[in-house]
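In order of appearance the chains are A, B, C and D, and numbering begins at 1 in each one.
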């Protein structure tokens, strides 16, 4: 994971295992319901992790529970990179947006077949097509 | 690029620029037409690069012309990894399937909003949901 | 950035792809504490948004609010928002001084009369105007004059919103809040000492996006950021519910991250977004570093009786509150508590023995 | 892998996700040289495919064909296909020998009579049967006996398909091809010395996928792999069209990768998939390494008059063929040529001066 802020973790006395404050588990239940809606009706769910109360242990716990799955994707944009990781539960994706200094801007769990941000957007496709046509025209004229 | 086979390139006498055999350009025209169909009707196109005659210079030329775009994704499966790269023309993706020894199995250009292989598949989502439910049940019982 | 270009056009010219714009919108929605389902509406609005005129007045203040905002000004999403609303006048940040700066303010007022957004930080001394003047003009006069042509006013920081530390006993300057002087304009209070940078940006983003001011609570604060107490959204809330408290700053409870209520934490009566938005790009917030909330976004927080004095001690919360949580049939957790208001309300109505209603909003 | 599980079930149990299966299907389609648009149909068929019984007989051969196939047998897509069709009998690869191995063959024949796929490599000596026997049985007798119960026969390699090198003048063993002895079964010829591994696997994948044999040309070869000459799909074809030839193996033309036609390349009369499928996981093929095609997948290739003797010399191809290509209004290129048959045919019909029709298939 790139550019994660430094946690100031409150640790249990054994010093190894971060204390979990029980905030990851309810979120996993929410993810479960979202997966059921995705399968039943194709309904997508986005959870803004900034809106969820999270202790340092909670976020580690959540990430550990979600694990990593088959797909990891990196997106480069003019306002910084983003990373979309499929978790070990297919259809559950963890999306982190970074600024150009690799600080986290926002973080979402998306329950979807593919995060919207990975799809090529018609506006960009149109622009790319224009530039390809231009390039081919130049080569034909050469 | 990972695990690319070693080319035995036939090079021009200056030794720098691989000779292009003119096979990349027609393919780019094909890509242009596919992009037009994608924009006009949402129609997707897949081109199997194994079916196209390619000299060493041609493939390098094609890759150079396509360039790299905003998204790079890696897929890990039980039969080896795959890599999906958006080219600098949004909607045009280069997909390479590798075996578990990272040798190329097959290579495709996909003209689509997102390569099918990146989408979470209903069969896998169902299996993941079952495993999440099982996991949550165990934690509730603990 | 010129006035006549939309934000969508401006970003596109800066080489921001549609995906980049989507990321900008998702982050802006998060900034505004709006649900991700509103992203398409936000995208449609932001794409057409045009740069508003903004005048920023700093009165009796410590520059902490301006620092808070400008410290978040890296080439980021916040940066893009600030770039889009870039200020016509900000005395502290402006290179020009005195009459030249005043000329800029007067020009901006004239050109955008009735349409500009006025941002104020600092309280206004009315006891002795000489305590704070700008280019020889008293704070009160400048505020009254500039407010006339404003579409709305944002009071940034607890000083502008409620008087703040200058107004603390014995209030030597006769400091008052913006809302004490202006009665005929919409005023958005963004309190905090300082306010969370992304909350300031979030309010500005709301204005930029929708051209309106967000929904406010009784204290004039945007509900979306100040709708819940820090206690209700605190990750340590489950320890409170189980009756596990730190009793001193170096005991076992402190080390284990238990609830800081008994050490004077004001989270149960403080409305702010610290517990979820956090500070320094989401790194932490006071409670996470082991110190109780001092309630800095509440009116008169300085005079509320001591930062280390507990609000009140809950009656045997172990059996009462934990029992209620168990009855609701859910895993205890602040996230769950927040997201299951109804279940909790049901549980409460069945358990009349719960006596700490004042803390259980 | 048991008979009663489908391929879909078997892969799933091995932890292959649906995405992995899609990748498997896309690669299998590519293997079979079928268009990607057929992937959904292939997926549906493969998912339900059940393991067929396969018997492999090796006669008068150099083991090159078996090597070619098994060298592609890493834990790959090919490996999965081979795993699924895993052999009931293969004399060369089998640990058991002689009577024990023969027993396995007889068992497989009895249990799957009329349904098994018979694969043969090597030619059959009929002049003196003593040249090649297995467990004391002559090759001819074993072929005739095993063929009786086969659903279809695959002749792997030029020896089994057309007699190959053993049949080359003066054919001391009286070698013949499978098709010389068997007249009442479908025979698929997969020639090559050796055949391209993925072509062997592609034919087996076709049988596994669809339960049928692919469409064949007049020489009994699957059209999908042997439908075009190597010349027509060669990346050096544009040089041929421009009349740029290497005249020796170390001249400027050779260094620049020009056409090897004048150095005896048999690509214009050789039907095979080398130019697109290539060898060693798509790395290269003879022409790419600077040597002409020797035509090893054609009948009697050994006796065709010398590997380094040019087939014929085109008549001033610079003006004639380049003129035709220009008339078609397209950029010259093998890919384009292949994909614009109609345009090329039109161009040819307008340019009757083109005299090398024997090369322009």
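Convention: a contact is a pair of C-beta atoms (placed from the backbone, for glycine too) under 8 Å apart; a residue touches a chain by one contact, two chains touch by 3 or more.
Every value quoted in this text rests on a predicted model; they were computed, and no experiment measured them.
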{"item": "Shortest chain-hopping distance from subunit C out to subunit D", "value": "2"}
{"item": "Of A-C and A-D, pair with higher C-beta contact tally", "value": "A-C"}
{"item": "Most remote chain, CA-based centroid, reference being subunit C", "value": "D"}
{"item": "Distance between chain centroids, defined by C-alpha means - subunit A, subunit B (Å)", "value": "21"}
{"item": "Subunit B and subunit C: spacing of chain centres that average the CA atoms, whole Å", "value": "46"}
{"item": "Approximate Å spacing (C-alpha centroids) for the pair subunit A, subunit C", "value": "27"}
{"item": "Residue list for subunit B, restricted to those that touch at least two other chains", "value": "25, 29, 70, 75, 77, 90, 121-122, 124"}
{"item": "Touching two or more other chains - residues of subunit D", "value": "17, 19, 331"}
{"item": "Listing of all chain pairs that touch each other, if any do", "value": "A-B, A-C, A-D, B-C, B-D"}
{"item": "Contacting residues of subunit C [partner subunit A, same complex]", "value": "14-20, 22-24, 26-27, 29-31, 33, 35-37, 39, 74-77, 79-80, 233-239, 252, 255-257, 275-277, 280-284, 288-290, 330-336, 338-339"}
{"item": "In the complex, subunit A residues that touch subunit D", "value": "70, 90, 140"}
{"item": "Contact set on subunit D toward subunit A in their complex", "value": "17, 19, 331"}
{"item": "Of all residues in subunit B, those that touch subunit A in their complex", "value": "25, 28-29, 31-32, 35-36, 38-39, 65, 70-77, 86, 88-93, 112-114, 118-122, 124-129, 131-133, 135-136, 139"}
{"item": "Residues on subunit B engaged by subunit D in the complex (per definition of touch)", "value": "5-8, 10-13, 19, 21-23, 25-27, 29-30, 46-48, 50-58, 75, 77-80, 82, 97, 99-101, 103-108, 116-117, 121-124"}
